[in-house]
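Heads up: the structure comes next, in structure tokens.
We just call them A, B and C in the order they show up, numbering each chain from 1.
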Amino acid sequence: MKRKQVIPAIIAAFFILFPLIVKSDYYQHLVILALMWVVIGGSWNLLAGYTGQVSFGHAVFFGIGAYTAGILTTKVGISAWWGMAFGGFTGALVGLLIGWICFRLRGPYFALATIAAGEIFRLIATNWESLTDGMVGILIIQSFRSKLPYYYLALALAVASIWVFDLVMKSKLGFYFVSIREDQDAAESLGINATLYKNISLLISSFFTGMAGAFYMNYMAFIDPEVVFSLHYISIMAILVGIIGGVATIWGPAVGAFIMIGIQETFRSALFGLAPKWVSQSHVLVFGLLVIFVILFMANGVVGDWPKIKRLFVRNR
Amino acid sequence: MSFFEVKEISKRFGGLMAVGGVSFQVERGEIFGLIGPNGSGKTTIFNLINQYFPLTAGDIFFKDESIKGLKTYKICHLGIGRTFQVVKPLKRMTVLENVVASAFCRVNTFKEAQNLALEMLDFCNLLPDKDKFASSLPIAGRKRLEITRALATKPELLLLDETAAGLNTAELDEAIELIQRIRARGVTIIIVEHIMKVIMTISDRIHAINYGETIAEGTPEEVANDKEVIKAYLGEESYA
Amino acid sequence: MDVFLQTLVAGVLIGGIYGLIGIGMTLIMGVMGIINLAHGQLMMVAMYVTFVLHAYLKIDPYLSLLVAMPALFLLGIFLQKTLLNPLMEVDAVLPENQVLMTVGMGMVLAEIARFIFSSDYKSVVTSYTGSAFFLGNISFSVPMIIAFGFAVLLTVGLFLFLLKTDLGRSIRATAQDKEAATLMGVNSGRITVITFGIGSALVAAAGSLLMPIFYLFPDIGGPFTLKAFVITILGGMGSTVGAIFGGVTLGIAESLGATYIGMGYKEMVGYVIFLLVLIFLPGGLKKLTKV
């Protein structure tokens, strides 16, 4: 069984040593973002892929976490790092609120309600200027000049999230989540309090997403409502990460995060400077096309449809 | 006091009285049959016991305590399990995972749940299929899975809803044998059935309903010879 | 009092047009069970068509209805057939694939528009833009009145179509109960495709009518899609009459919100109503009016 242990070891070593080997700020930044998306995508996957509650409004938790960290600095005067601790909790609190409102709804209606919730919070953040400074956003001073601490923090968060999600899915919680996804009525007859467990799933999901938001505040040092509560750039991105990697898999979101950041940057940089300028405007278009393509042909993502993908290559030999 | 009692229960859907004033008692260790033509309200009664639908009127007692108004999952915890007429397998999970999920009703660790699940699968002769996806099982297997899942919640009272529908002769015999073994373990059973052979063979007592109302109750022989019952079933498969 | 009346008038007028947007969506949702998150983007496409016709051919926006509607009808049918129909067969873990597909569609449409027209605000200025007439102290914006008038005409036309024609009856039947309709000989596959086309055509009409009133930019679609949902849920899914009530209700609510709370919160009114209705009135206003 040596082969099975060598590859993960190599990957682990790569990530641990990465910022020491690759000194470029630009690439470090990309990997940090990707690691952050591993957390967000994994959180979404827990709620949507495993528990079947497809949220289109995950930006809410991200934004709440980010603003928690930011407001703690601008209004309370304490370091935004406290936001990492509190951002998870405020994210989870909002999660409970959203759950209370939205879980009465099933399927697509739940999805729509989460969109509405996301937009409502964005509008509140934009208009409640005394608290959030509205469209001006929040600007703080970065704690570290070098990217290294942020990198390892992001890596730690990503690893922690994957580890927690894996533990959860192997436990009673995990079985209950999937049962609810497959058939909520049957699940109830088997003694599963669906409402309770949906909320637990949401709590975990929103907690981690909130922490990711708080991390973002600390790392980027600037946020505004359009960025952190964005339907397209956060909520839908989370869904894409989940879908492309593979819903209802543990490693899917990790794979998806790196693919999505890779694609996003490839197009945003106009194929790293090799293509004409207008290509850099096209990454949202590529995202849209990707959604269509993946749903039509690869609905279970890279990890989920891996057997299918492998077969494609075998046949071509 | 009786083990399980249904007292004057009614269910109204808008203008339609699906169940009207039905009462019966079930003794511990019995196999109690519920028969009636299509649409007579049998499955509705189960849905009322399970609190899947709220009662319009009447009350239901389990071990002398009213269970009216309790949530469905609570009813399961109290010891009442059920299967569904239109089977509801958890499709993208394996057979074993299906039963493990329901075993968690009574235990908390994965190890314990798996052991309980394996025990139940063995009892119901589904062990060879344990790693297959629930969606790949044929209808007989799915019905058996329904029962296995319900058993894993360690019920004292088991509601079986048309577990024999769609089975061929050999499968029917297996089903009957399984139900008798379940009773031998000490589980009380209320069985709703359409297929006379099954219900007449295994029931201790039978309650017949038509149009949501009681038309007869008694031993299988008494009920089979009851005039109202024969009238209701005229033209249907008769007990040979 | 005048302010209140003015607010009410503005609300009703815009509500009539909202109704058009909502009817398209409620038909699509009711008949096909498809949640079309690209609805607003379809309207955007129609608005660009209108803009182009006006900028290059000097065609009046109200006349471009005649071009935009058929064009979007065809686009709708195309999208339904190529992208949405195949989804009926794909089996994946996520049940919401079809919703996501429409999100993808919407994104692609918006980006293509941005590519061709850039993100600049475009508008159509006609001889009557900005003109209004007064009844007492209440001003009635002329473009709004004309748009409202057309909206009413189209709505009535749609009603006649649904009530009197065979195709219309088939659509209503499918909306009420797809299986039953199929059993009675309705070709539900064809109906589905046609309904998506009609829904697109209606929202296209709304787009042309709104062109003289709103600025146009590629991202204009999103908020309108959400409005369409609010209206659909308010009015009850599948109910065309409900969509009209829903549209007018939303129009008035937004108008009141803008006047009495503040411009920024105007959009939020819609979302809040949406959530409230989803939670407390799953059947929509239809439940209250028994239409």
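In this section, a contact is a pair of C-beta atoms (placed from the backbone, for glycine too) under 8 Å apart; a residue touches a chain by one contact, two chains touch by 3 or more.
Remember, predicted model here, so these are calculated numbers, not experimental data.
Participant: Mean of the CA atoms for each chain, then the mean for all of them together: which chain is nearest?
Facilitator: A
Participant: Farthest chain from chain B, going by the mean of C-alpha atoms per chain?
Facilitator: The chain farthest from chain B, judged by C-alpha centres, is C.
Participant: Taking the mean of the CA coordinates per chain, how far is chain A from chain B in Å?
Facilitator: 44
Participant: Hey, how far is the Cα centre of chain B from the one of chain C, in Å?
Facilitator: So the centroids are 49 Å from each other.
Participant: Provide the C-alpha centroid distance between chain A and chain C, rounded to the nearest whole angstrom.
Facilitator: Those two chain centres are 32 Å apart.
Participant: Any chance you could list the residues of chain C touching two or more other chains?
Facilitator: 93
Participant: Would you mind listing the residues of chain B that make contact with two or more other chains?
Facilitator: Residue numbers touching two or more other chains: 92.
Participant: Hunt down the residues of chain A that sit against at least two other chains at once, touch-wise.
Facilitator: 248
Participant: Flag every residue of chain A that touches chain B in the complex, lowest number first.
Facilitator: Residues 170-172, 175-176, 178-179, 182-183, 185-194, 248 of chain A touch chain B in their complex.
Participant: Touching residues of chain C toward chain A in the complex: what are they?
Facilitator: Touch residues, chain C against chain A: 35, 83, 86-87, 90-97, 99-101, 103-108, 110-112, 114-115, 222, 226, 229, 233, 262, 264-265, 267-268, 271-272, 274-275, 278-279.
Participant: Within the complex, which stretch of chain B touches chain A?
Facilitator: So the residues of chain B touching chain A come out as 50, 52, 71-73, 76-77, 81-82, 84, 88-93, 97, 100-102, 104-105, 108-110, 113, 149-150, 153.
Participant: In the complex, go through chain A and note every residue touching chain C.
Facilitator: 48-49, 52, 54, 56, 101, 104-105, 107-109, 111-113, 115-117, 119-120, 123-124, 126-127, 181, 231-232, 236, 239, 243, 247-248, 278, 281-282, 284-285, 287-292, 295-296, 299-300, 304
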